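Right, one structure below, let's go through it.
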Amino acid sequence: MIDWIPQLALLLIQIALVLLLAPLVSGFIAKTKARLQLRRGPRLTQSYSDLLKLFRKEPVISHHASWLFRGTPYIVFASTVTVALLVPTAYSVVPFHWAGDAITVIALFALGRFFLALAGLDAGSAFGGLGSSREMSIASIVEPAMMLGIFAVAVTAGSTNLSVIVSTLSTTTASMLHPSHILAFAGLFIVTIAETGRIPVDNPATHLELTMIHEAMVLEFSGRYLALIEWASQVKLLVFLAILTNVFFPIGIATDFTFLALAQGIGAFCGKILLLALAIAVLESTNAKLRLFRVPDLLMVAFTFSLLSLILYFLIGS
Amino acid sequence: MTFLDIPTGAQFIDIFAAAILVTAFLIVSSKSLVFYVRLFALQSLLLGGVAMLVVFAYGETHILIAAVLTIILKAIVIPIVLWRIIDRIKIRKEVELSINVTVSLLICGAMVIFADSIAEPIRNSKQVLNPIAGRVFPVSIAIMLIGLFIMMSRKKAVTQIVGLLTMENGLFLSGLSITYGMPLIVEIGVFFDILVAALILGVFVFRINRTFDSIDVADLRRLRH
Amino acid sequence: MFSVLLGIPLIGAVVCGVNTKRRILEVATIATGVIALATSLWIARTVSEQSTLTSPKGLLFVDALSAFVIIIVAGSFLATALYSPEYLGRQVQLGTVSQKQLRLYYGLLNIFLFTMLFVLVSNNLGFLWIGTESTTLATAFLVAFYEKESSLEAAWKYVIICSVGIALALFGVILTYFASSSVVGSSANALHWTVLMSVAKKLDPSVLRIAFIFVLVGFGTKAGLAPMHTWKPDAYGEAPAPVSGLMAAGLVNVALYSILRFYILVHKALGDAYASDLLLALSLFSMVLAVPFMLVQKDFKRLLSYSSVEHVGIITFAIGLATPLAYVGALLHMLNNSIAKLLLFFSTGSMRGVYNTKIIRRVSGAMHVMPVTATVFILAVFAVTGWPPFGLFVSELTILSAGFGSGNIWMSVFFIGVITTIFLGFFYYASGMVWGEPYRKQEPAESDTMTQLLLVALLLLLLILGVAMPSGVSDFIQKAAKVIEG
Amino acid sequence: MEDLLTLELGQFLLYLMFGSYAAGAAIGLLLAPRKNLSNARVYSTAKLGRNLSLGLSLIGSLSGVIVSLLTLGADMPLIVQIPGNPHWGKFAFELDKLSSFFVMTISLLGVAVSLYSFQYVSSMFQKRHLGVFLFLYNTFLLSMVGVSTAGNAILFLIIWEGMSLTTYFLITFEHEQAASRRAGFLYIAMTHIGTAFLLIMFLLLFSGSGSFDFDSMRSSGSTLPESIRSTIFLCALVGFGIKAGIIPLHIWLPEAHPAAPTNISALMSGVMIKMGIYGMVRVFFDFLGPGPQWWGIVLIIVAVVSAVLGVLYALMEHDLKRLLAFHSIENIGIIMLGVGGAVLFNSVGNRPLAALALVAGLYHVLNHAIFKGLLFLGAGSVIHATHTRNIEELGGLIKKLPYTSLFFLIGAASISALPPLNGFVSEWLTFQALLFGFGTPNLAVKIAIPMAAALLALTGALAAACFVKAFGITFLGLPRTLHAERAQEAPHTMLVAMGILAAGCVVFGLWPGFLLGILMPLSGSLLGTSASIPVVYSGSVLSLPFGAGTSMSTLTVAALLLVLFGIAIFAGFVLKGRLVRREAPTWACGLEAISPRLQYTAAGFSKPIRMIFSSVLRATHEIEVSEDVSPYFQPRIRFELRTESVFEQYLYRPVLNFVLRGARAIRQIQTGHIQSYLAYIFIALIILLWLTRWATS
């Protein structure tokens, strides 16, 4: 067991990597979308300055709101960053890997969503209720697909701890191209889109009540509360992308604690994340937002992908 | 004190039993209440005769009291009571029948055959005491079943009483035929019960006539399900 | 011993016949009931010591079985005697019952007790028949007590159907006499129960088979076994509540006693399962037949009469199982069923007096109108449908464990199905009567304390029989069951 | 010597438990229901009686908790003999591991509810017979404890029916309303049918073992022929299923729980339906042992259907207590998933996995008892304050009832299986058990089990959605009616009771080691696998030895959450200098002030889910527009929503109609004609004669 100094170092790298990279990723997506629409688009560091501005502004809260409204941003931020500590990013065995597995990850996201939905209802405005109602309905459809995706992956590795999955898969490179893996990846990719509220499911940029889901809940927040929530949703996007990359394509992830391996791990991680971000940006520019009641069909596709991957795994064997 | 020898006594008993069966068939085929009661009186008289014959032919003295009682009660007292009832309620004829006469007679014939098949094991069981049982016993079962059929097919209350009493006659005859009659005390008890039953039914006929002002049993349909 | 037992009801009948003052009639009848019960307990004690008791001339005979049924009959009579004053007192005030009718009521009630006891102590099967016939005659005018059309109709049907049934039974007795006289010689005691039992093996089996059918149909009509039960809903529905209570608790057991006597004889003589299969068939049929009438019913007294048909079916089912445990269950069920029926008829009788209707829809909110009677009624309904703390659960469970133990599992499962369905129907109507708002703002009118005490006492008795059966009672039942085994 | 001491102490405590419940009931009865409590003396005696009776039930529950912990610790069972009919074996209360676990659950909830009832019952002084209620309350607790410890089939049945009887009288306690009468009848009818099945089951076991004692049934259970064992299995499933409220047999539950007083529905929902689970576990594992594979599959199908449909129907409910009742069905589904999994893995021979599934199921039994009890007590104090159960008329209660809302929130979070709380631990264990189910041989089962896990996830998410709706609409936003406006906080004892349960939720979430230490030997004793420990708990980390080793630690997750919560606040502080905020009215699209009618309603909130699952729920709604002046200014619009309860419509009603139609047809044979009656006797005679005469010769 490596003694606690490297563990602390790894922890710091993990936190820094997650917290600092997250605004960059969403900025990069916004930038590429703009470029695809032949616009110059905001600077890459735009989201950092937005967060700083929001932190410094004085929040305005409705006097109907209760203590729950004021506590929610902190809970959302805490739960999302806790998940970030459980997911392997640059290094395969994360310091707190024993504290939670994939099911805990799903549950922590559910915790964040639960309190965000309640906060939406708290202010007493119609938009908050609208957002919470849609968010909870979408979430209840996403969760089975996500669970089955996790199961499809966990069955191959024999455990649901993400670090264990990554370390077992990284040793057997052949399994990366296993058909059941690709199907599971496709299923989980659709789940990511739905979970982080990207275009086909929910439009993050708009405030049009017809289409917004996540934005409607956070309409009442301002100042540092809004900053924390924005930051948390960016971290959530990064975490999902990290799960997608490391669990399915753990190329170049650092397995032993040397400076060279770590640098190589961080580089590979950033490259893969930006690649996926590019894919999302392209997807968002080419697709229109689905009607709310077409989203279940999309998620049914994701569900069938995961189911097929399971069946294939049992038929063909690892 | 046997006046007659066994065979002639047996012959007379056969004749009387056949006569009783004929009276039962006549009751089924007729429609007038008064005629019912007269036939019933005749039937009871014949029954008394059979009892007397058994006493004289086979010397079973304890039947004598039963025979006398039959004649007095069933041939005289009960018919008088029934006649007075019919006079008081002034209903003479049984107007419509639930089962018409021809079909009733056919059914009674079938019952005689069925009675004979019931009597089969008793007739050829080795412990038969006297020879006449073989012939008279099926007749008695037939009379009993016909009595039951009368009660089932007729609508008038008086007819039902007559049907019940015909059944009792059938029973008494069966008692006579296979065992020379039940022990005396039991016979007297049976007679006493039948008398009281007839009186009670008579009282009820009066009450039904007073409250329903008809003695059609078909009207008694208020208590259902 | 016998002279006291049979004499008392006659004296009571004479006393009631003579004078017309209500107070004397009631006291006389209650006194008869108390002495009859005391004598029956005394007889039971002596019988439990020296197994049988016969009168000098051998005409009267008591063994454990008949002593047990005597106790039930005497007990039921005492309960009816205690309940009648309040029930009839209310009717006299309303003017529906005249003083002369009271005299007739109490007189006939005592004669009814006499006839029942006469059946139970007679050694001669002929006397047994005469006694059963005279019970019909004694109760004829009791059923037709009210001058209404419906009670007259019910009485007419009751007397006609029972007389026909009894006539068939007489034919059965005649055949038995024939079978025994050919073995014992046509002396007076050929029909004596003791003689018959001693010579049972030598009787001609084919004659006995036919005799048992006639006896079963005959006494089955008196007991109310289906399909001969058709008179029961009319008679119990129209008779005054105490009378229908006494008939449901006393007369049913007397008829079952007669069937039992012949069953023991035939079962011993034939040795095969002929008699018990017949009983099983009829019992299952009467249980099934009671179900539809209890699921859809408008009149709560008819509801109770069909419950009586069902319980007769249960007792005959137990006898039909033909194992020692089943006989114990049957006798136990006889006792429990009688107490439950008394409770039900008396509580609904009070309800009928207050609400002045027999239609279930027109009785509701009894819990507010007459709390004690309503509570006793709802608990009695739980008891009669076989809920645990009460005695009937114990007896039904004994019967079922006998059924499952002796291998006819599917019949027992069918039995469980029937009692469950009957509970649903029965309880639906009973809960409708007890809970909710009183019908047409019926103001509270609880019956007097004596009736309340009587009802609560009977309920406690049923509870004791269920929870802590006294050993004396269960030993006596074991002895009585030995008698059935022959 | 040491365990002799515990034996003495255990027996004393057991007697104390039974005795105090019985004494509480007796005092209730003595407290004659004098409704006119005008004069002080009568009122004070009534209050004294109430305190004494509830105090005794409190003592009973406490001693129940202690005795169960004692026997769970000791390895041999505690047996208390009582006199009974020798004819049916020895009547004994046997406290083995399984029974004492359930006694612990009952007593734990009993403590909280008894404490809660002190104040809750005070509203009953005037209107109701307080004495009768206290009698029924204590007998109810006594019967539940009796059922879970009975060691003889007859004793079990007697107490089981006693429990149904007391519950019936409690449901119809306010028998003026027709709804509670109907609910009462429906309950007792279904329970009696259930007991009929149990009777058949016990009698079949009796015919196999010759005696009604559980010990002899235990030994002879596995030697019975296969067909009888399957019949016993099905009878147990139906009999105990009705009491547990699994889907096809659940129709009495949403009627009965709301009709009963709230502290009783807390007990009913929390522990009474668990008696069904206790029965099933006792019969499936103790008596029958491993059976054919289809047993497990049937249980899992029933469990999944109950879970999904339970939560879907709950989502459509606007009555707070009916909503919680439907959730009980959902949670029973989750427990049955654990039990069903255990039965399936046991029949396949994979005993360690069966032990894990059983531990998950039983863990959820205690969890559900705690958070469902908490939620019902919360609902009780809401109804106590606002006198209405319809959440559409509530709102903004978080400001009026701060503590109740906090406890309700904790309950809602744990029922939606959110991480640090106890609901998450048991669902995590169930997921793991199902995940490793791929060891079963045939392919269909291998795929069915992950599908079941996915549906369990769907249930979890829908439960979260339902409780966001319930908590959000009831407690957050603006008060929609005057009732909500004028609500006051519940009295202290009620809050303390809820506090205990909320603490229970947190404790069993963060430190699962205590409960796992109890459950593992228990499942080992039931499955005979005391050797292999399915769950290793060391230093707050829960790890499973299956596959490549999965582990989870709720304590660490909670710690991380707190630390990061602090960091977030600190970050705000660093970047702004001081934490300041300004109050302003909520933005209402330009209107001058926001009105409660602008808020989302419960029906609106669940509309998307209703649309998505419309084929299952078959919801129909009716809009009535009353326009008098002109079509453009509609003064009043009435919207009415009805979801069709499929099972009542297409299963129970047709059967009932068929039976009643048949009954009406058969009733015609009582024609009223005396001729037909005589004909019946004649025909009967002829048939019998024909049978004997020709059939036998």
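Which chain is which? They are A, B, C and D, in the order written, and residues in each are numbered from 1.
Note that a contact is a pair of C-beta atoms (placed from the backbone, for glycine too) under 8 Å apart; a residue touches a chain by one contact, two chains touch by 3 or more.
Quick caveat: nothing in here was measured; it's all calculated off a predicted structure.
Pick the pair with more C-beta contacts: C-D or B-D?
C-D
List the centre-to-centre spacing of chain C and chain D in whole Å, with centres computed as mean CA coordinates.
Each chain reduced to its C-alpha mean, chain C and chain D end up 45 Å apart.
Suppose each chain is reduced to the average of its Cα coordinates; what separation in Å results between chain A and chain C?
So the centroids are 80 Å from each other.
Between chain B and chain D, tell me the centre distance in angstrom, where each centre is the average of that chain's C-alpha atoms.
Each chain reduced to its C-alpha mean, chain B and chain D end up 71 Å apart.
In whole angstrom, how far does the Cα centroid of chain A sit from the Cα centroid of chain D?
Distance between chain centres: 36 Å.
Specify, in ascending order, the residues of chain D that touch 2 or more different other chains.
Within chain D, the residues that touch at least two other chains are 667, 670, 674, 678, 681, 689, 693.
Could you list which residues of chain A touch at least two other chains?
Answer for chain A, listing residues that touch two or more other chains: there are none.
Any chance you could list the residues of chain B touching two or more other chains?
As it turns out, chain B has residues touching two or more other chains at 118, 121, 148, 151, 160, 217, 220, 222-223, 225.
Going by the touch rule stated at the top, which chains touch which?
Listed in label order, the chain pairs in contact are A-D, B-C, B-D, C-D.
Of all residues in chain D, which touch chain C in the complex?
Of all residues in chain D, those touching chain C are 85, 87-88, 154, 157-159, 161-162, 165, 172, 175-176, 178, 181, 184-185, 188-189, 192-193, 196, 199-200, 203-204, 206-207, 212, 659-660, 662-667, 670, 674, 676-678, 680-681, 683-685, 688-689, 692-693, 696.
For the complex, give me every residue of chain C touching chain D.
156-157, 160-161, 164-165, 168, 209-210, 213-214, 216-217, 221, 227-228, 230-231, 233, 274, 278, 289, 291-293, 295-296, 367, 382, 387-389, 393-394, 397-398, 400-401, 404-405, 407, 409, 412-413, 416-417, 419-420, 423-424, 427-428, 431, 435-437, 469
In their complex, what parts of chain A are in touch with chain D?
Residue positions touching the partner: 52, 55-56, 58-68, 70, 73-75, 77-79, 81-82, 85, 96, 98-101, 103-104, 106-108, 110-111, 113-114, 117-118, 120-126, 128-130, 132-134, 136-137, 139-148, 151, 154-155, 157-161, 164, 168, 219-220, 223-224, 228, 292-293, 296, 303, 307, 310-311, 314-315.
Where on chain C does chain B make contact in their complex?
124, 126-127, 129-130, 133-134, 136-137, 140-141, 144, 147, 149-150, 152-157, 159-160, 163-164, 167, 170-171, 173-175, 177-179, 181-183, 186-188, 190-191, 204, 206-207, 209-210, 233-234, 237-238, 293, 296-298, 302
In the complex formed with chain B, which residues of chain D make contact?
It comes out as residues 667-668, 670-675, 678-679, 681-682, 686, 689, 693.
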